[in-house]
Amino acid sequence: MSQVKKVEGITRESTQSMIDRALEAYPEKGKKKRAPHLAPNDQALGKACVKSNRKTVPGVMSARGCAYAGAKGVVWGPIRDMVHVSHGPVGCGWYSWGTRRNLVSGRNGVSNFSMQFTSDFQEKDIVYGGDKKLAQLLTEAKELFPLAKGISVLSECPVGLIGDDINAVAKKMSKELDLPVVPCNCEGFRGVSQSLGHHISNDTIRDYIIETREFAEPAGPYDIALIGDYNIGGDVWSVKSLLESCGLNVKATWTGDGEMERIAATHQVKLNVIHCYRSMNYMCKVMEEKHGIPWIELNFFGPTKIKQSLRALAERFDDEIKERVEAVIAEWEPKMKAIVDEYRPRLEGKKVMLYVGGLRPRHTVGAYEDLGMTVVGSGYEFAHSDDYDRTSPEMPDATVIYDDASEYELEQFVHELKPDLVASGIKEKYVFQKMGLPFRQMHSWDYSGPYHGYEGFSVFARDIDLAVNSPTWKLVKSPF
Amino acid sequence: MSNELGLTVKPVCGISPEDEARVAAWIDTEEYRQKNFARQALTINPAHACQPLGAELAAHGFEGTLPFVHGSQGCASYYRSTLNRHFREPAPAVSDSMTEDGAVFGGQNNLHEGLENALALYKPKMVAVFTSCMPEIIGDDLTAFIKNARAKGIVPKDLPVPFANTPSFNGSHVQGYDAMVLAILQTLTAGRKVEGRCTGRLNLLPGFDANTGNYREYKRILEAFGIPYTLVADISDTFDSPNDGTYRLYPGGTKLEDAADSVNGKATLTLGAYATAKTFAWIKEEYSGVHASLPMPIGVAKTDAFLLKLSQLFGKPVPESLKAERGRAVDAMTDAQQYLHGKKFAVYGDADLLLGYVSFLLEMGATPYHVLCSKGSKKLEKELQALLDASPYGKAGKVYMNRDLWHLRSLLVTDPVDAVIGDTHGKFAARDAKVPLFRLGFPIFDRVNKHRVPLVGYQGAINLVTELVNKFLDLKDETCEERFFEMMR
Amino acid sequence: MSNELGLTVKPVCGISPEDEARVAAWIDTEEYRQKNFARQALTINPAHACQPLGAELAAHGFEGTLPFVHGSQGCASYYRSTLNRHFREPAPAVSDSMTEDGAVFGGQNNLHEGLENALALYKPKMVAVFTSCMPEIIGDDLTAFIKNARAKGIVPKDLPVPFANTPSFNGSHVQGYDAMVLAILQTLTAGRKVEGRCTGRLNLLPGFDANTGNYREYKRILEAFGIPYTLVADISDTFDSPNDGTYRLYPGGTKLEDAADSVNGKATLTLGAYATAKTFAWIKEEYSGVHASLPMPIGVAKTDAFLLKLSQLFGKPVPESLKAERGRAVDAMTDAQQYLHGKKFAVYGDADLLLGYVSFLLEMGATPYHVLCSKGSKKLEKELQALLDASPYGKAGKVYMNRDLWHLRSLLVTDPVDAVIGDTHGKFAARDAKVPLFRLGFPIFDRVNKHRVPLVGYQGAINLVTELVNKFLDLKDETCEERFFEMMR
Amino acid sequence: MSQVKKVEGITRESTQSMIDRALEAYPEKGKKKRAPHLAPNDQALGKACVKSNRKTVPGVMSARGCAYAGAKGVVWGPIRDMVHVSHGPVGCGWYSWGTRRNLVSGRNGVSNFSMQFTSDFQEKDIVYGGDKKLAQLLTEAKELFPLAKGISVLSECPVGLIGDDINAVAKKMSKELDLPVVPCNCEGFRGVSQSLGHHISNDTIRDYIIETREFAEPAGPYDIALIGDYNIGGDVWSVKSLLESCGLNVKATWTGDGEMERIAATHQVKLNVIHCYRSMNYMCKVMEEKHGIPWIELNFFGPTKIKQSLRALAERFDDEIKERVEAVIAEWEPKMKAIVDEYRPRLEGKKVMLYVGGLRPRHTVGAYEDLGMTVVGSGYEFAHSDDYDRTSPEMPDATVIYDDASEYELEQFVHELKPDLVASGIKEKYVFQKMGLPFRQMHSWDYSGPYHGYEGFSVFARDIDLAVNSPTWKLVKSPF
């Protein structure tokens, strides 16, 4: 554990009183519910300081999504060679169509299927049920997309409420079409956030996918899988090439630019490397228990963390890998130094507030620090306690941690902390930009990327600089 | 070894380049097109969203109004982020975060708690409630819930809380917009009709329209006429608000008092016949004054009709400034007609927009060749066909009703056009067909400021000419042989 | 066998593909660039025209004014067709068709006969005379000629006939514009200055500007302020006239009476310091009221300065509507900054425009990398350099004074940029460098309506953002690998 | 001679009285000068009915250009492999840069030089003379454009007035650079229109170019040159391929897409085929006199005239050519019929007014007639009597002929004749479009083309249709 980081002007007391002020506007009940989700960090303790994974308080303008979003948008959607059917009304699939930036290889509609497939439920489907329609559309999908390796059926709210049995349809049609049809009961009303959608999807992979394929080539000592990287803006491509340059064979990527077959054969690898713990720890644990595959949690943001990560990874392998890792680090370090030398002078001492999902509220802290910046607040949309445990040591002491923050709370914190950059999502972006505050979308890399790996850091550094130092901010204050 | 689905274990084989090439060629064939059009159950790449999205847009069009999604929180996040991306603006809205227990006990508790918190935090002048799937399926009684909320003192007596049932398994964002506007007007005008009173105003209903420039254009035109107006669900300031360092939760919208008094208007005119169908039917029954419905004023003829109607309704001549604008639009069109004449377009989108695009293209001597609506009606089909039939340039055009953008792709690759007009979602089909996509509808996720450029009125016609023609000229310069690369075009 | 030039007869050999390829590669080299920059006598592809063109533009800016070229008729045809092509509008002007005998006897007969015919046929309220090369070289005395014409009764007493000497071998169209505006104002205001009288108006001098949208934007801004004004040489209606079936010879322009009374104005403001240098110097001596000179209001900072000056001059606050517009412009710029940040531009054009482009680009975090003026001055060079030096994004920029577009080509191919801003003439250089050309200056011969889209003011800033950013996004979509072809940008 | 064509409602008297009305507005002197330039056609007589090639009346808004325009824009400019220096102030070259649409092959700045080269005269060049500057710039041009086959020096007004001796400079520098440097004294003040520029340029070609090259390959019986086609919108390419399909060898094109060397060797061909008589008859006559090369004047607009032209051409050759010509005609006629069938119903009976230069006021008449249209007025900017002689038989009887028309006259005629199409130049285009009248630019093909040859007719027919029948014209009249 690194030494305790302090931020000038931020004490446990100052943070708590900021929290208290933010809570003042709430009605009693709401205040009581929200209070445990907001707290100053105790870095030395290194444990979660907030409650998490609870129902969102109604009416507070949460940034959270739903189980369907976690299943379609995060876990299943990026698998490029499957048709993913948004089963139910038209909207859910339409909103999640192309809006997450999980890039894919292949040809659209031929060998990748990053389109919107939906059963487009109508009134009659609600009344009479959608199972027959589902069976038919599966047949149509197979005919029109013969190269698809499988079909996932992602239930939207109505499906679970009207008592359809998609599992039976999937089983029947799988045989009929000789194609994996995977039912995923990820109705949006389930659970408290997209997190349950990740879990359900992991379980579905466990039940329907894993072990259904085997790699054609013989296993090797350096076979690994990259888990929990969704290839936002090309992240997977950056990390995969980095890992391969270290001598490792990345046999499967979960699920960024993912292939169903390789995911299905992942039980054959030697090590699972997980980046986004939140969304995929479940499957790592399954493979560990069932197939004895160890897993390691790494951080590919910023040179400091990447170096640590690569060395930790090398520890799991022999000297050859260790040497190659050192060589790779040695090759990249001067380039990283050049980047830091270029941007750090312009970013030194700038304050950042984070509010994102998955791994970023903790994993990116080091990358900002590489640029000389200080993260003064962080929080997650849909984290669990183990996420906050992991966050505590990364964040400076006494800085504010917020779980499932409402937009109201974020605004209050921003007014008090006056960060130089807010890094959060699309729903927050324009709120803070209207305040004249530099902002980066940290779910979608704001249409840039990749941010993972050494390659990614150069993009990240440039983007943070262009956000923080854009001359447009100087125009905000009118002379009249 | 087998798995849950009873399929045998196979080796990883991937997709071979040969297979990929074969299928890539096949999906461009006439045979594939037929298979594709034979689809009955599967929808691929629809060009419409669900009702609540439209309802939220409508709600944002009123002063101090907080859109409130009764249903799952994920729905609300989806609507909001869609609006964020299109407008590159905030879209503040809340949900009452219904979960499993809502399915069992109903959503009243969520609604009440949500209202209490939202009112405390966001201090709206009105809360506009609309539903996503879950409450629609379990049958929540919103009338009762809201009544109970008032009884419990959660909602102040004078705070309007209109609500709309906006089931996602019915219609599209357009119907949801209609339902929400209707609910808001019904709520605000309740008991406000005064016999003999006339505000002297025009109530203008733009219908679902995510182009803030259009709203500003309507206002500019009405101001040029000197006609007092209430623009119903005016999102122009909500979704085109200044960046001056201050975040405003409610930067614009139709004044609630004006909306309430709209029932005593001198006239009510809808410019989105399809997107305000129910609202307008109700207005015809309930509102004082004259009621008129016109197509969205895209192109010269439809703008003429709009201005003539204004002139007639208010007994005012068309202002000189607008006459001059008309002349300038016609000038731009005559000067540029040769660049669009005979060009074939595929167009898709919402009904009211489609009618406008088709009309404008025909005015330029271009051919709306594939006209596609992914959520339409027989009435729309007939109206589009009649437009096409009325012009020699429309003869070759064909209307495709309730077809999606994967159908469009088949049309584009088997029966090519020069360009496509539609929203961002058509970009894959347009790329596959190697033709430009003019992003004119909703949503537009991949270009900036498109929502700021009006398409309606004479200025809109000039803007359309500019965008379409200059892109074709760009293409010519970019693709011609060097010997045809010239100074003048 | 040999010929007149004393060269021997050779076989036809053409240009071999090898030679062509070799030289094509060579002209893109650093070596070639140095040779090219060493040129002293040869000008290749200059980005400026000659004085009388500017004089004609100025003349068109006045009510009922017939531009009259004293000189060869071919000159007049060239000026007219240049204006026709840029505006896609008529440009009625006459010449007195001087020929060889003019060289011998002077042009007085031509001038007199020309005036007689022109007055009879085209019934102008003013004839604005300016010269092409011939009379300048033979030394025609226009003062005397016109005096004689009046004496002979050819020119009615009350018909103003200002004249400007606009030698083509001096300055550029910009100086010709200045000279003509000066001559017109001198003529019209002669004897009109009244001690103690104040019109209460602002005289606004836009300078040479072939964007009619800019003029309309100035007027809209002044009207929003409620400031009465005389826009000097207002070409907006002349060159953006309606098509309503009637051809008007003189569809617009500054009222002669207003121009005459401008000498008694409350304030005079030039927004084209370079393009109105002489006029403004004279005005400072002769005109009542306050005199101020500001750069063309392109970009937010320069528009702020313009509005502040108006506010200060007339003691009126900046109107709310313009404040909101400012906020919307800043909003558009902040939302889009990442798409322009760090992009390198080559920009060329007239002095006043260049200063504006550079200022706007720097505001967006883009770099004006090659800044080129083909007819500039030390003063301009310094001013541009100061702009570049004041921003970290300008550090890499370099100013090239009195260089032409063949120099620019060398810059583009040896030291690349992301895009070029300039007039149509740069299209060959931009094509060779494989980067887009944003057509923003004068003339634009190969796109439509560009002159209708204002670049000044806050709306101009939004328009610039829209045009520049969306083109880069188009390019990204058109050129990226399929795996980077995405829904959002 | 074809039979006399009549137009309903047009008699000699009606036309003359229309002319008289148009002249009413003129002052006496102007009226007297203009009257002889306006007359009704006497088709049967087949002779010029108007005076021409006189000085333009000052102040009348003529469309005419100058000698420089005729030299740079028409004759010299299109020669692609030479550097053409506009010698004098910056404007003339700038205005004529890329504005005539004489397309060229080759690479810009490498093997074609369709740029603007100017000596950009300044005050000091006027005072001290420009000869030294000229010598220097010639050296610079040779160095920067090593593949240029020659340089033309086109004088602008000041050069002739200040007494520079460009001929001496050219001679000296030609030797020094071992490159043809051709001085062309085409100052704009010379003569009455661009026509003298053509003549001077023809003379310069005679004096400096012709006979300075010889074709490398042996002469053949079918060697011809295409004269007076400037490749507007690709005309030359259309006609050249047509002639070649007839078995003829087009050894040189004058001057559209022209090559200096081939022009220089044209004295070796067997026949000169001239399209634009006005601008190049001089050189045909020179080659006829000096080298015994016959010439034939043809018309490549519209299938009727093309057929007549090809047959007339075949008459100058043997049976083999005659057969090939018939085969070519037989191949194209059905295509032409299809075009006529498509467009004629939409254009039948429509009236056209022409006002152009060169050959078009007479040569295009047949093409309009092929489409069922009637030309009700025609005239030239810079014609001579022999042009009007050739025009008379083409135009319907009693229709108005106007020479060097002023815009005022054209307007008056249009008001009275109410044509369905006006076909003239850029300066007229917007005047008539503002009246709601369909218009085509007939100098530049309105940025379309080619219009020559069979290929060109399909473009012409489409363009005339799109102009006449554009639905935009219906929008012009406002309902309020």
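Some notes on this structure:
Letters A, B, C and D mark the chains as written, and numbering starts fresh at 1 in each.
FYI, contacts are C-beta pairs under 8 Å (C-beta built on N, C-alpha and C of every residue); 3 or more make two chains touch, one makes a residue touch a chain.
In UniProt terms, the chains line up like this: A, D = Nitrogenase protein alpha chain; B, C = Nitrogenase molybdenum-iron protein beta chain.
Everything quoted here is computed from the prediction, not taken from an experiment.
More C-beta pairs in contact connect the chains of A-B than those of the other pair, out of A-C and A-B.
In whole angstrom, the spacing between the mean C-alpha positions of chain B and chain D is 53. Chain A and chain D have centres, each the mean of its CA atoms, that are 68 Å apart. Our note on geometry: chain A versus chain B, Cα centroid distance of 31 Å, whole angstroms.
Residue positions of chain B with contacts to 2 or more other chains are 85, 88, 241, 243-244, 323, 326-327, 330-331, 334-335, 425, 428, 445, 485-489.
Within chain A, contacts with two or more other chains are made by residues 97-99, 106-108, 430, 433-434, 476, 478. Chain contact topology: the protein chains form a pattern that is neither a line, a ring, a star nor a complete graph. Of all the residues in chain B, the ones that touch chain A in their complex are 1, 3-7, 9-15, 19-20, 23-24, 27, 32, 35-36, 39-46, 48-50, 52-53, 68, 71-75, 77-82, 84-85, 88-100, 102-103, 110-111, 113-122, 132-134, 137-138, 167-170, 172, 241, 243-248, 406, 409, 425, 428, 432, 445.
If you check the complex, the residues on chain B that touch chain C are 85, 88, 240-244, 323-328, 330-332, 334-336, 339, 424-425, 427-428, 431, 445-450, 452-453, 462, 465-466, 469-470, 473, 477, 485-489. Residues of chain A touching chain C in their complex: 97-99, 101, 103-108, 234, 430, 433-434, 444, 446-448, 462-463, 466-467, 469-473, 475-476, 478-480. Taken in their complex, chain A has these residues touching chain B: 25-27, 29-30, 55-69, 81, 85, 88-92, 94-99, 106-111, 115-123, 125-126, 133-134, 136-137, 140-141, 143-144, 146-147, 149, 156-158, 160-162, 170-171, 174-175, 178-182, 188-192, 194, 207-209, 211-216, 259, 261-262, 264-265, 406-408, 411, 425-427, 429-436, 476-478. Residues of chain C touching chain A in their complex: 300-301, 304, 307-308, 311, 317-318, 323, 326-327, 330-331, 333-335, 337-338, 341-342, 362-365, 391-393, 482-489.
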